[in-house]
Amino acid sequence: MGLLDKWRQIKQAEAEQGIDHTMYLTLKEERRISRENNRIIRQFEREKNRKNVPEEEYLTKMRDPNNVVEFENLHTYFFTDVGTVKSVNGVTFDIPQGKVVGVVGESGCGKSVTSLSLMQLVQAPQGQIVSGSIRYQDRNGKCYEITKMPRDKMLKVRGKEIAMIFQEPMTSLNPVFKIGEQMDEVVLLHEEDATPKMARERSLEMLNLVGIADPQKVYNNYPHELSGGMRQRVMIAMALSCTPRLIIADEPTTALDVTIQAQILELLRDVKNKINGSIMLITHDLGVIAEMADYVVVMYAGRIIEKGTVREIFHNPKHPYTIGLMRSKPSGKTKDNRLYSIKGQVPNPINMPNHCYFFNRCDRAIEICAEEYPEMVQFTDTHSAACHLCRNGGLMDTNSTKEQR
Amino acid sequence: MIEKEKAAEQTISNINQEARDGYEQHFKVISPGRMVAKRFFKSKLSIAGLYMIIFVFLFSFVGPLIVDVTWGYEELEVFKIERIDDMVSTADFKGPDGKIYTYYDKSQTLVYFKAPPSAEHWLGTDTSGFDILTRLMYGGRISLTISFIVIFLETIIGVILGGLAGYFGKWVDQLIMRIVDILACLPGLPILLVLSATIKSIDTIPAEHRIYYMMAFLTLMGWTGVTRIVRGQILMLREQEYMLAAETTGISPMHKIFRHLVPNTMPQLIVSATLGLGGVILYESTLSYLGLGVPFPRAAWGSMIALADPSKGQEILAYYPNMWVPAGILIVVTVLGFSFIGDGLRDAFDPRMKR
Amino acid sequence: MWNYLLKRVALALLILFGVSALIYLLSMLMPADYIDNQTAAAVQMGTMTLDDVQRLKELYGLADKSLPGIAKSYLKWLTSALSGDLGYSFVYGRPVTDVLSQYIWISFLIAFISYLLEIVIGIPMGIKASVNQYSAYDYTVSVFAMMGTALPSFFLSALLMNVFAIRLGILPLQGLTTATKIFPHNAYFQILLDKAWHLVLPITVLTLLGVGGLMKFTRTNMLEVLNSDYIRTARAKGLSEHTVVYKHAFRNTLIPLVTSLSGMLPGLFGGAMITETVFAIPGIGYMALRATQQGDIPFIMGYNMFLSILTVLGMLISDIMYMVVDPRVKLS
């Protein structure tokens, strides 16, 4: 077959060129990297800290006015002492108005960093948006380029236009403030001429909306007095209080009991319809995606490997990784009692290979997979995947493989 | 079709195998110890601390040898260096006319001691004619020795008692921890002063033995901290699964405590010991400053600074900084060095706070 | 909560009992002739009679060194201490309680002012350093903080005296009043000003020694809080960095800060032995050091017990404050 020889050849070539995949760095090398990083970081920070940036600099036009957010070729890197981690490495996708976009991938694939980039909340100073653009359209139809937006302007977007729900409800609420105080804060901050009384009414209304039976009591509780599910409801209520255009839900149900998970998902769907907003749903749980999403984006090692509508992804997955994901989810239908798992590990995020990142785990790899990173191949208007096998319109017959297993 | 797939799978598994081999070749496996060392050396402050401590050690332990070999004297060599000292004293008095007059008196005296810095005596000589530089070295030797012995003893006592308290709990824990509480509530410095003063007043104890008593007292006042750390750690570690695993193998309690639990408290112990070294040096120098430490004529940094005590006259404080400033600087350098190293070690052991 | 508090108070009493027994035993270590040596001067001066000396020996169990004898004399001392009688200081020739109550106030004043200064300087610096972690500011502040904790008080005092009192001559060297100046009786303000002038250097020394620790403590706790999830939530709400740091993060850091700072309060009455002595400020620390050096056993016992009570009190206050400031600790 020659594939093994090919692999050896690549490794040989890398060794000759002095490309070293070792994690081990000497102190001197780390110092050099650290110095280099500091220089780069300072540049980015200086750019971000500019004051009185004229509005024209960060006003832009959407590609499609129906979208709330458009990511285009986004690169977010972390400059660590052991090297640059390309957490998000050229991500392009849209979040249409009123839709749920699910972002799937295993942990560390860059899905959270993508959402944090949108909020300008990437852990600075190491984490920086290096290039690409994130466009956001507010309710008046004005479009902003988030990557160029100054910090003080960004404060008006966070919480008001884009709200976020985090994975850990147990630690995401400030333990020393009452629920009410934490909720009122958002309203008082973003609504013009809001009074404390108004804020309180709004908070109670939101608590009621998320299905909390006794809003008055919860309003006066401290976070530690509530259960995990209750806290996640509070987080959602807090996110809703300024009727945002987009809610980013970063694994909202992962830390919860299975029974509570369904309730929270139900709730999210309900409130989305009530406020007519969009949701960017980040998860590694395909069940959640199938339940909730309209569009799906599959990420692997900082890149999008496949995206499409939920129907396309679930019924006609193209990329071997997506297929693997589909197969590794348990379903009562198959008689096979062993759950499928994708072998191997994600490559070292610091020295990414220049061939397909999934190459060494892929059971359908061909020679070209070891040579270059595949381009995105478009199947329909909405469906595309990055795989060499798909270049001729999808060589693979996924149904046949499914039956053979 | 199935055949072909099997072949493909074989190839992939070969590649994976090869990649794993490559992994092992390329990825040098580094031990946790080396990781810690690497993180430690990455911080500039820890390296600065290390240099400071190395300097103080060389100065205190190698310095006396060099002095002995080159100039052939030790700490108690008295130098009489003749020079003429101008003494001007002034006094204000009210004249018969009601105005204030100032009276100047200039006297010239021949002095042998308190020589200013010179080529032979880099820091000059002190009120007794001892060479200050040499005394600094001997003082450092005493300070460092005391601090290391005291910390060593404290750690041993603390590990044993903390280990027992943490492991056995119940009345053992109650007893040990109440003793710890009581000792921790004793006012440290006043009690040390009382003890040292008592020892000093007892004629049957020779002066050169006083230092051993002092070390014992410092140890007795200091072991409670180590005990608390070890006990706390062990209480936490006992809940871990691997202890349950050790339990099921049926090994003896002593084996469990000192083979499985105590080694896991090492990081905290090393850090607290390093930081403790500086603390002991400060205590020791305070006692020496008050004349309750190393007895004269032996040198100690604290007693060298005591020469500047304004209650005994302002002359040295004002005009002879060479007698007391170097000793103070050495104390600061030593204590600071130990804190830098201690902090560096803590960050290296527990990198959560680091980027 | 009351149960817990009761338990803590009981424990505190137990500790105090242990401490008193220990201090008593320590004085037992002193050989009998030590008392004779130490009291010789007092007897000669007529402030003490030989009977007093004998009583003292009995009181401290030095006359009877058998176990029941010690126990008996300890009980005697304890009962009189409980009724507020700590004995008669033979250096100062007055009841120990009198000396304590007279001299703690100047010590408290000095300690309290430097305590306030430490808070005002240390906490903002710690916050700023934690917000700019790894910046030049952070490193500078951290190094200075450690310098402060590494300086022996007597050395720092000597340095400051040399510079400000002797070389520059702008501040007084020692004491609490200017001996050469004679103020009219009613010039209270001038006398006050003169005293304040004398306290500048001691307060500076105490502040410099303490501020580093507080700054570092603030920094460490702030860093821990700033890395937590709820700070990210606060940022995601759109709060300004200032609100995030000074409201959301600092309110959490306040828990350990208030707990430890309130625990330090009673200790302010204990006096700073070395600093007061170097500057010859007639505070309780200075008096205690003199008494210790002269073997004034009643005073030593009384003073050390006083300090232990302050420490235990500090622990209790810390516990109570922790329950007050941290809503997670249930009050019911």
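Labels for the chains are A, B and C, by order of writing; each one numbers its residues from 1.
By definition in this document, a contact is a pair of C-beta atoms (placed from the backbone, for glycine too) under 8 Å apart; a residue touches a chain by one contact, two chains touch by 3 or more.
Here the structure is a predicted model, which is why all the values come from computation and not from measurement.
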Subject >> Chain nearest the global centroid, as defined over all protein CA atoms shown >> reply: B
**OP:** If you tally contacting C-beta pairs, which comes out ahead, A-C or B-C? Let me know.
**Re:** B-C
Subject >> chain A and chain B: spacing of chain centres that average the CA atoms, whole Å >> reply: 50
Original post:
Rounded to the nearest whole Å, what is the centre-to-centre distance of chain B and chain C, using the mean of the C-alpha atoms as each centre?
Top reply: 23
Original post:
How big is the gap, in whole Å, between where the Cα atoms of chain A centre and where those of chain C centre?
Top reply: 54
Original post:
In chain B, which residues are in touch with two or more of the other chains?
Top reply: 355
Original post:
So in the complex, which bits of chain B are touching chain C?
Top reply: 45, 178-179, 181-183, 185-187, 189-191, 193-195, 197-198, 201-202, 278, 282, 285-286, 289-290, 302, 305-306, 308-311, 314, 317-318, 321, 324-325, 327-328, 331-332, 335-336, 339-340, 343, 353, 355
Original post:
Across the complex, what residues on chain C touch chain A?
Top reply: 228-230, 232-241, 248, 251-252, 255, 326-328
Original post:
Inside the complex, what are the residues of chain B that reach chain A?
Top reply: 1-2, 5, 7-9, 11-16, 18-19, 22, 26-28, 30, 38, 41-42, 355
Original post:
Can you name the residues of chain A that touch chain C in the complex?
Top reply: 119, 121, 151-152, 155-160, 163-164, 166, 168, 171-177, 185-186, 189-190, 222, 224, 235, 238
Original post:
Which positions of chain C touch chain B when the two form their complex?
Top reply: 11, 14-16, 18-19, 22-23, 26-27, 29-31, 34, 37-38, 134, 139, 142-143, 146-147, 149-155, 158-159, 161-162, 166, 173-174, 220, 223-224, 227, 270, 273-274, 277-278, 280, 288-289, 292-293, 295, 300, 303-304, 307-308, 311-312
